[in-house]
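Before any comments, here is the structure.
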Amino acid sequence: MSQATAPTPGTAPAGTSPEIGLSTDGLSKAFGGVQAVDGASVAFHHGKVNALIGPNGSGKTTFFNCVTGMIKPDAGSVSYRGSSITRKAPHRIARAGIGRSFQLCRIFPRMTVLENMLAAVRPHPLHLLRSSHDRGDIERARELLTRVGIEHLERVEARDLSYGQQKLLELGGVLMADPETIMLDEPAGGVNPALIDRIAGLVRSLNAEGRTFIVVEHNMDLVMSLSDHVVVFDRGRPICEGPPSVVQNDPRVLEAYLGI
Amino acid sequence: MKVPTSLRITALAVAGSLALTGCISSGDSGGGGGDDDTISIGISLPLTGDYSEPGKGVQQGYEAWAAWMNENGGLLGKEVELTILDDQSSADRVAADYEKLINSDGVDLIFGPFSTRLVVPAAQVAQDYGFLFVEPAGAAPEVFTQGFDNLFYAAPAVADDHYDYLADHIEAMPPAQRPKTAAYAAMDDPFAMGTAYGLKARLEEMGVKTVVDEVYPPNTTDFSSIAAKVADSNADIMVGGTQYQDAVNLILALQQLDYQPAMAAFSTAPTNPEFPEAIGDKTEGILSPTGYTPDATYPSNKEFVEFYTAEYGDPPGEDQANAWTTGQVVAAAVEAVDCADPDPECQQQLIDWLHENEVETVVGPLTWDSEGRPQGAHMIQQYVDGKIRIVLPEDQAEAEFIAVKPPW
Amino acid sequence: MSLLLQSLVLGVLLGGLYALLAAGLTLYFGVMRVVMIAHSAFLILAAYLAWFWTTETGIDPMVSLLWTVPLFFVTGVLIQRLLISRLRPATLTMMSVLLTFAVALVIEGTLGFVFTGTQRRVQLPYGGADISIGGVNIAVVKLIAFGLAAASLLALYLLLTRTKFGQALRATIQHPEAARLVGINTERTAGYGFGLGLATAAIGGTALSLDSTIYPSLHWHWIGPLMAIIVVGGLGSIPGAAIAAMVLGVGQSLLQIPLGTTWAQTFFYIALFATLMIRPQGFFGGRLAQRF
Amino acid sequence: MPSASDTRTADTGAAAAHAGRRDPRGVVPTIVKAVALVLLAAAIVAFPSVAANPFILSVGVVIMSYAVLATGWNFMGGFTGYMSLGHAAYAGLGGYSTALLIVKAELNPWVALALGALITAVIAVPVGIASLRVRGASFVIVSIAFVLILLLVFQSWGGFTGGSNGLRIPRPFGPEVLRPEQHERFFYIHAALLAVALLLWWLIDRSRFGIGLKAIREDEDKAQALGVPTFQYKLVAFVLSAFFTALGGGVYALWFGFLDPVFQFSILIGSYMVLMSLLGGIRSLFGPALGALIVGYAVEFFKSEYGDTQFHLVATGLLLGIVVLFMPDGIIPGVTGLLRRFRPQASSIREVTQAELAEQRAGGAHTGTDSSGGDSTGGATRAPDPQVTEGVHP
């Protein structure tokens, strides 16, 4: 497909030094003898669509999990907008403004689509016993469901959705929590081309509204067309980064992918 | 969505079970109290569960007694019919069982359950309905401090007094020959602890030093640590507040550590016919209190032993005797006041009569204090030449007391 | 002093049996993330089989190992295949606990049904025999039980470290996804892991029958300490479990001197709570607890 | 028929449809619901006078107590999916602390009951912290271990707890209240407690807190990633669960009048709570109570019919195994699903979405077409991906 990095509306012109949102320093995580993330220091551009690519097993998902607190890193630090979120509980990181999706799409299977959305509402402790079917929340949920295109399914249990619909629901749920930065783990994995386009369109429009994206993705066409900044992972650490066009031609990337 | 359906299902189930409640009560044939020519007696026993094994002895005793009564003209000329329910060795069940026996099966009289732990909840139910409650197994001192005025223990003595003759005997020894130190190990069970601590109180009074005092949970299977302590203390007398298997385990563990006391006394276990099998030829000199011996010369005992042996092949043991005694005690009261029905007035007459009279039983004549404690004492048995014999008190002794136990 | 030494020896002997059984529990948890509540029920079942064997044939209970170990191994594989693997992965941990709990109840009930609640003990000619070394008396049966446990643990260790199957098993425990990627059939491996775990229960049960009374509800008495051991050792770590078993076994034995039997038993649970409060991943290795 | 009326409202416009969709069933089911609730309440109120004799009434008290305990258990098990096998610990603690407050501190029985449950809740906090910091396995292990440790402590600490001699609790009502009347009063007290527990469960079920808890049950990682403070939520649910279980245990203790550690801190009682809840359905408000009714009734029935065997353990085990393997959702959802399958109007998602697709293709505009039929789960299969065509929408 087109490899042109179409300038996305609302982003700063190329050349100026980018604002850093999320960054890690020397992040490491080992499972048994396997060093899944190995001293990774990465800085993601705020307000942009960042892509994280790399061959299978290069530690991208583990990196994601360390950043979002799902796994406690062995060493290193993570900071977001200038404050450290290292080893913080996942919900704190979420509340700091980082939302994420999961590699194999995860929704709440035995809850309705609407409930899936409402689960992302963060009530004030004093309002915990208020009905979850708050009118304002529901309206917002419906808006977002409409935006991702599954508003007609709001009363269906999530497990009865198709995989594609579940992916959209997951994205909707992430949006419901209203995060500044959204980390997507293989948003295009296992879905058909039409839906990929739809998801890409959503990412673009949300980015245009000022949301930062960090996307792990294997679909190179999508990565190249969507992202402003690409980080390439191999063996648990970044080996190169830059605009898509630069990264694409970097010999180290070829080497990592082809295993030369 | 799910709520109304679930509600409907629940409502349906409630309605259904309301309609079916009859099943629970009418399910058991039992013995209708309304029958004029039978007297039905309700009993709950641990037929399954942790207390099921000793519970069986009580069951046999009860059944033998009922059969004997019916062969000998019945009670008040009526046939005796037992309704035995299984309490699954559980306190909740034992209470529910008596509740059922009294209300649903309409029994005329009730007999007590087995095991101290089940006596108190059962006695509560009996008390609330005004029933006489004679029981074969609640010997622990605490049973009698609960304020039950309807409760009578159908055995010669409560747990604390089981070793009285042994204590007397030691006290009578010249001070130089008395044991100097004593080790106690008791199961955490009201009855077993009661026996050991009854003796402990007496021995301490006469200056025998307590060097080990261990209580172990009923489910203990590894006695090596307790045995290590006892062996380390090298006490002159070893007292075990035991039931059955725990005594076997404890003795084996003591043997493994090569501990040789001059006296060794264990409650309950040594009177069990399987005990010599489990211990082998190392039983010589082991002491044990007992409330019953088949050789006793009380008038009714001969009949009992003959009848029981003919029925079951073996002579009766202590549990069987206590059950039979329970039957005798209740029967004596029933014959004396000439009534046997669930009416509170009749039951109160039975209770009052027992408080004031002595009953001849297979374990001797029994009287009770106001709280239901029997006023007798247990005999002391000892393994002599491989057989368990009465050695104390001397006027009933079948064999000479072995003062220094041979090594085991 | 001699009491201390004696208790120490007793603790080590007990710890050996704990270690073997805890290794079995760890295996199940490692391969399937399953807390196998029925482990100790199978332990008691094996002890009953050994007792039954000896009372029926008069042959030493240890000979029963020849058929109980293969039987238990196959049973373990079948349990994994037919029961555990039917559960949904999402709720596996919880539901497997309930399922194995149900298995434990069925075993306990069946034992009570068949053999009644009577306490049983194998009668051995050498039941009360002892060896005296340096003022310490060691019961022969305890020594045999310990030897059996130690030999089995060693065999298990060699199997895990020296064989191809052992490597596959360890890979499955540490990183199932990665193991699948390198071509290990993790399902089958998990089944064999389960079988191995249950085989430890067969050996442990036979060892137990030598020196202990058995009754159907005895398994509750074992499962508590064993679960405490695997948590303290770090869920999923076999060496961790073995070390924790030794430490806790000896600790319990020594604490009995000042505290008495009952309070000494609480040592296991205090260690369990302390571990979860201070170091939830366990003190000796395993980090699986973190995620499961 | 409800879907038909809904579709009509839906046609009036998307916004109106959304507003009117709060209850997709419309008016009729609400009435059915209310009638069923009234009938249920009436049945419970009437039970003591219908019961043939005090024994039947006492069985009713026991079943009611089971219902309270199982519903208490379900505050944790149902909402979060964390299955405690050791909830007997909290029932026992509730019973003992109530009893000890009466016996030792000579408090009024009802004050003691409330205070006892509060004390139990306080004790549950550190236990919850220890067991909930890590996932799944530790929780179950601690739940069992806690029962075993309490058994040891209450057995050994005889001077305070009565130990193996047990602890008798004086009657809360005077001696003039005879036993049958005690049964009746305690039946109603249990019923009232059950009503309170059910009300709170229902409140939480529809609350924001509840939706967070359910999210934890469905996917804890995901819930965390969405910002649900999972540990805190779980802890609150756990303590609440312990509180109600303790109240249940306390009321039972007042009724039964005697406590023995062996029977209070019993694994079997905890497993009954799990079995009842699972059998009835842990996601349903009335599930645990229904399960209690079934199990409680079955226990009595089988005992009186088949009596003296150890088989009740095997039966409990087999039933639990069957429920776990084949109907982990319990009876209520199972029957609900069955009913839906046989309801002719029920349409599968496939139909709904395809109908919508057609509509969209034709009109291109979103209508708030009713999707209440979509709550049919029975024959639903994965719908074909409507996005294949919808993808072109802006």
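Order of writing sets the labels: A, B, C and D. Residues in every chain begin at 1.
Methods note: contacts are C-beta pairs under 8 Å (C-beta built on N, C-alpha and C of every residue); 3 or more make two chains touch, one makes a residue touch a chain.
Predicted, not measured: the structure shown is a model, and the values here were computed from it.
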Most distant chain from subunit B, judged by the mean position of its C-alpha atoms: A
Centre-to-centre distance between subunit C and subunit B (centres being mean Cα positions), rounded to whole Å: 37
Cα-centroid distance, subunit B relative to subunit D, in whole angstrom: 42
Rounded Å distance between subunit A and subunit B, as computed from the means of their C-alpha atoms: 72
Multi-chain contact residues (two or more partners), subunit A: 109
Subunit C, residues touching no fewer than two other chains: 90, 112, 116-117, 220, 260, 262, 265, 290-291
Residue numbers of subunit D (touch at least two other chains): 24, 152, 155-156, 219, 283, 309-310, 312, 375
Arrangement of touching chains [line / ring / star / complete / other]: other
Each pair of chains that touches, named by its two labels: A-C, A-D, B-C, B-D, C-D
Residue ranges of subunit C touching subunit A (in the complex, touch as defined): 90, 174-175, 178, 181, 290-291
Touching residues (chain side subunit D, partner subunit B) in the complex: 24-25, 29, 32-33, 36-37, 39-40, 43-44, 47, 50-56, 58-59, 62, 152, 155-156, 158, 163-166, 168, 178-179, 182, 256-258, 260, 262-263, 281, 283-287, 289-290, 293-294, 297, 300-301, 303-305, 307-310, 312, 331-333, 335-336, 339, 375
Residues of subunit C that touch subunit D when the two form their complex: 29, 33, 35, 37, 83, 86-88, 90-91, 93-95, 97-99, 101-110, 112-113, 116-117, 216, 220, 223-224, 227-228, 231, 235, 260, 262-263, 265-266, 268-269, 272-273, 276-277, 280-281, 289-292
Subunit A residues within the subunit D interface of the complex: 68-70, 89-91, 94-95, 99-100, 102, 106-112, 115, 118-123, 127-134, 138, 142, 146, 149, 151-157, 160-165, 168, 173-174, 176-177, 192, 194-195, 197-198, 201
Complex contact set, residues of subunit B against subunit D: 1-11, 13-15, 17-18, 20-25, 27-28, 47-49, 85-86, 88, 90-93, 95-96, 99-100, 102-104, 117, 120-121, 124-125, 128-129, 140, 142, 146, 188-190, 193, 215, 217-218
